Amino acid sequence: MITIATDFGTPYPAAMKGVLLQRTDARLVDVAHDFPRQDVRAAAFWLREVLPYFPPATHLVVVDPGVGTDRDTLVLRADEHVLVGPDNGVLVPPARRLAGTTELEAYGIDERAVSHDGRSGPASNTFHGRDVFAPAAAAVHGTSRDSLESVAALEATTSYVDLELPSAAVESDESRAAGDVLAIDDFGNVVTNVPGDFLEGRSRLVANGEVVPVGETFASVSIGTRLATVGSHGYVELDVNQGRGDDAFGLDTGDRVILEGDEREE
Amino acid sequence: MITIATDFGTPYPAAMKGVLLQRTDARLVDVAHDFPRQDVRAAAFWLREVLPYFPPATHLVVVDPGVGTDRDTLVLRADEHVLVGPDNGVLVPPARRLAGTTELEAYGIDERAVSHDGRSGPASNTFHGRDVFAPAAAAVHGTSRDSLESVAALEATTSYVDLELPSAAVESDESRAAGDVLAIDDFGNVVTNVPGDFLEGRSRLVANGEVVPVGETFASVSIGTRLATVGSHGYVELDVNQGRGDDAFGLDTGDRVILEGDEREE
Amino acid sequence: MITIATDFGTPYPAAMKGVLLQRTDARLVDVAHDFPRQDVRAAAFWLREVLPYFPPATHLVVVDPGVGTDRDTLVLRADEHVLVGPDNGVLVPPARRLAGTTELEAYGIDERAVSHDGRSGPASNTFHGRDVFAPAAAAVHGTSRDSLESVAALEATTSYVDLELPSAAVESDESRAAGDVLAIDDFGNVVTNVPGDFLEGRSRLVANGEVVPVGETFASVSIGTRLATVGSHGYVELDVNQGRGDDAFGLDTGDRVILEGDEREE
């Protein structure tokens, strides 16, 4: 199984699928092709949250603002999963989550040994998803995850671009949390990095200066009303029941969020 | 085969696919993930029109404004098809169409027996597509459709939320039809619930007070011109050749449509 | 393997997949369903660029402004590939590219022999993707590509609608190229039909009167800056690093592009 995630829209991912299907008969599963453009951090967040639901697979990821530069190709083995993509940090947060307590293994790859077969000319400088990463994913896919080192084109490395998603700072008495908007989902829900525990025992909080009710479900408030809830990722989300939280709270990816809690009511 | 239909956009459906692929090796087919948000009726319409083209399959449907409330999970057996989703009516119109003259069988499901494996924490209150419905679909998928009752987690029921899509009222002399806009498709075609027969033998009609030519094909009028035609669902559609009918007629899903016919010309 | 490309959005392609899966167990791969609406030329361009990356397959294409008219169904055999769709030219540029030096074979098809099984009424006048082209693709898919003539519904023809994508006129001293915008991709990159060679040995050029730097990669200019580069199709593209070239250059599909080169610096 090879999953594919990009910020490409269409039809570029189809060319990548063609390349993969020339070389493997793997099942292909789309994760998303509309990640925010060239936003390495947003893609890393979504992949960290979604990929753990998959069985062992090769995960091909292309969000790559540095395409065509000397930015390397990276292969990460995380427990029974393998991730392939640009060495710009995007693979690291999902790989850490997938690895759990096991050690992450990193490999560089000899691009010329796996890449584009020249069918339509030399590898491009603008579409490494098709010309470099898809061939690389096909090359590692056929291999047992236990023996990645047997892939001639791979070479173990300890040097790669790291990326850590920001953590929220929660005061020790849990009266206040200073966090960030990690992502806005397609419903407009504002996903923060404040752990969901912050809402425990609270019926309301102050988010960036405004009082907001806390609810266990969207339907705990009336339609069109704002709420704070624990989202499906385990973090505090700022949402609107059947509406857009990003519009209602005026928040976008990367913005700061200050949550202040009333005293616990427990 | 498991089909998947949601109003989720991306990448949430990918998490559902991961859950399914952890538990089955079924072929997965996307129906749509951009149904109008939380619009149970629109989803029910589209599924009623699209699912009958599929061979026997499990159909996983999540359009679920009541996620996290005590709204139940419903499993409907309709002839050789099985539908799984929230008990809010969305499954009923497609299931009735699929069942044809056979009897619909309904089951409740013990969510704890099939649900989320705890891999990433307890089931969420906001993403039952991943944590409840996908596991439920995987549980019924492996089973022969003749023996759903052998699935331990299922219990036959006769009580579920019904939903009937509105019908148009056509006067007995067929001079007038009062109907509703069931859906707008991605081309902007306005799909009504007035049976296509209403156009038979007519070269024009009056739609909400305006005279519109009747055509058998889009190309029967010039580009940019409005027409009424029999759409691919068998209903009267109000369209524009190579343009958007919803804009031209000022109509949206749920709006009333009054069609008045000239005398038959046959 | 059957690839599917349309301008349908959702959920109409799902109905086509249902029809295909009733009749074959082929692997289905989406190429795109958001091609510019009813734009035969744009679809032909993208398919010409993307389909050559696929292994031998049946390619089902529906961009069909003439749906329901007496426009025929066309089947083209191009080397080991077979293309199925409306006879309006859309299949021809990709088929020529796939055929390479081999000869293109064209067939008409008896629509009644392969079409819609009447499950939900007669074939529609507005959705031939579901009622005619998908059944036709399923009919040819099962067949060896060497023996298309054995498909009873097919009849060899030499008469079909041709389509040639426009070529750029490059002056013999390569000081000037007069071309066209073939497509805008989802990033906003402006894909012209001027061969990439035009940029060789140049560090800047004049595009429609404005001086633009030439770069080998997007990252060769600072973020938000315009550049001309050789895109992944081998043509000159007018782009913005991490921005939209179409907006910055004020260009859309079909527009004229005049490129004037400084003297070669080699």
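Order of writing sets the labels: A, B and C. Residues in every chain begin at 1.
Please note the rule applied: a residue touches a chain if its C-beta (ideal position, glycine included) is under 8 Å from a C-beta of that chain, and two chains touch if they have at least 3 such contacts.
According to UniProt, the chain labels map to these proteins: A, B, C = NAD operon protein.
Keep in mind that what you see is a predicted model, and the values were worked out from it rather than measured.
At the chain B (NAD operon protein)-chain C (NAD operon protein) interface, residue numbers used by both copies make up under half of all numbers present, so the two copies contact each other through mostly different positions. Rotating chain A (NAD operon protein) by 120 degrees superposes its CA atoms on those of chain B (NAD operon protein), with the angle stated to the nearest 5.
If you average the CA atoms of chain B (NAD operon protein) and of chain C (NAD operon protein), the two centres end up 31 Å from each other. Multi-chain contact residues, meaning those touching two or more other chains, do not occur anywhere in chain B (NAD operon protein). On the side of chain C (NAD operon protein), the complex with chain A (NAD operon protein) involves touching residues 1, 3, 5, 27, 29-35, 46, 49-55, 185-187, 216-219, 229-232, 234, 237, 242.
Here chain B (NAD operon protein) touches chain A (NAD operon protein) in the complex through residues 8-12, 14-19, 21-22, 28, 37-38, 65-69, 119-121, 124-127, 130-131, going by the rule given at the top.
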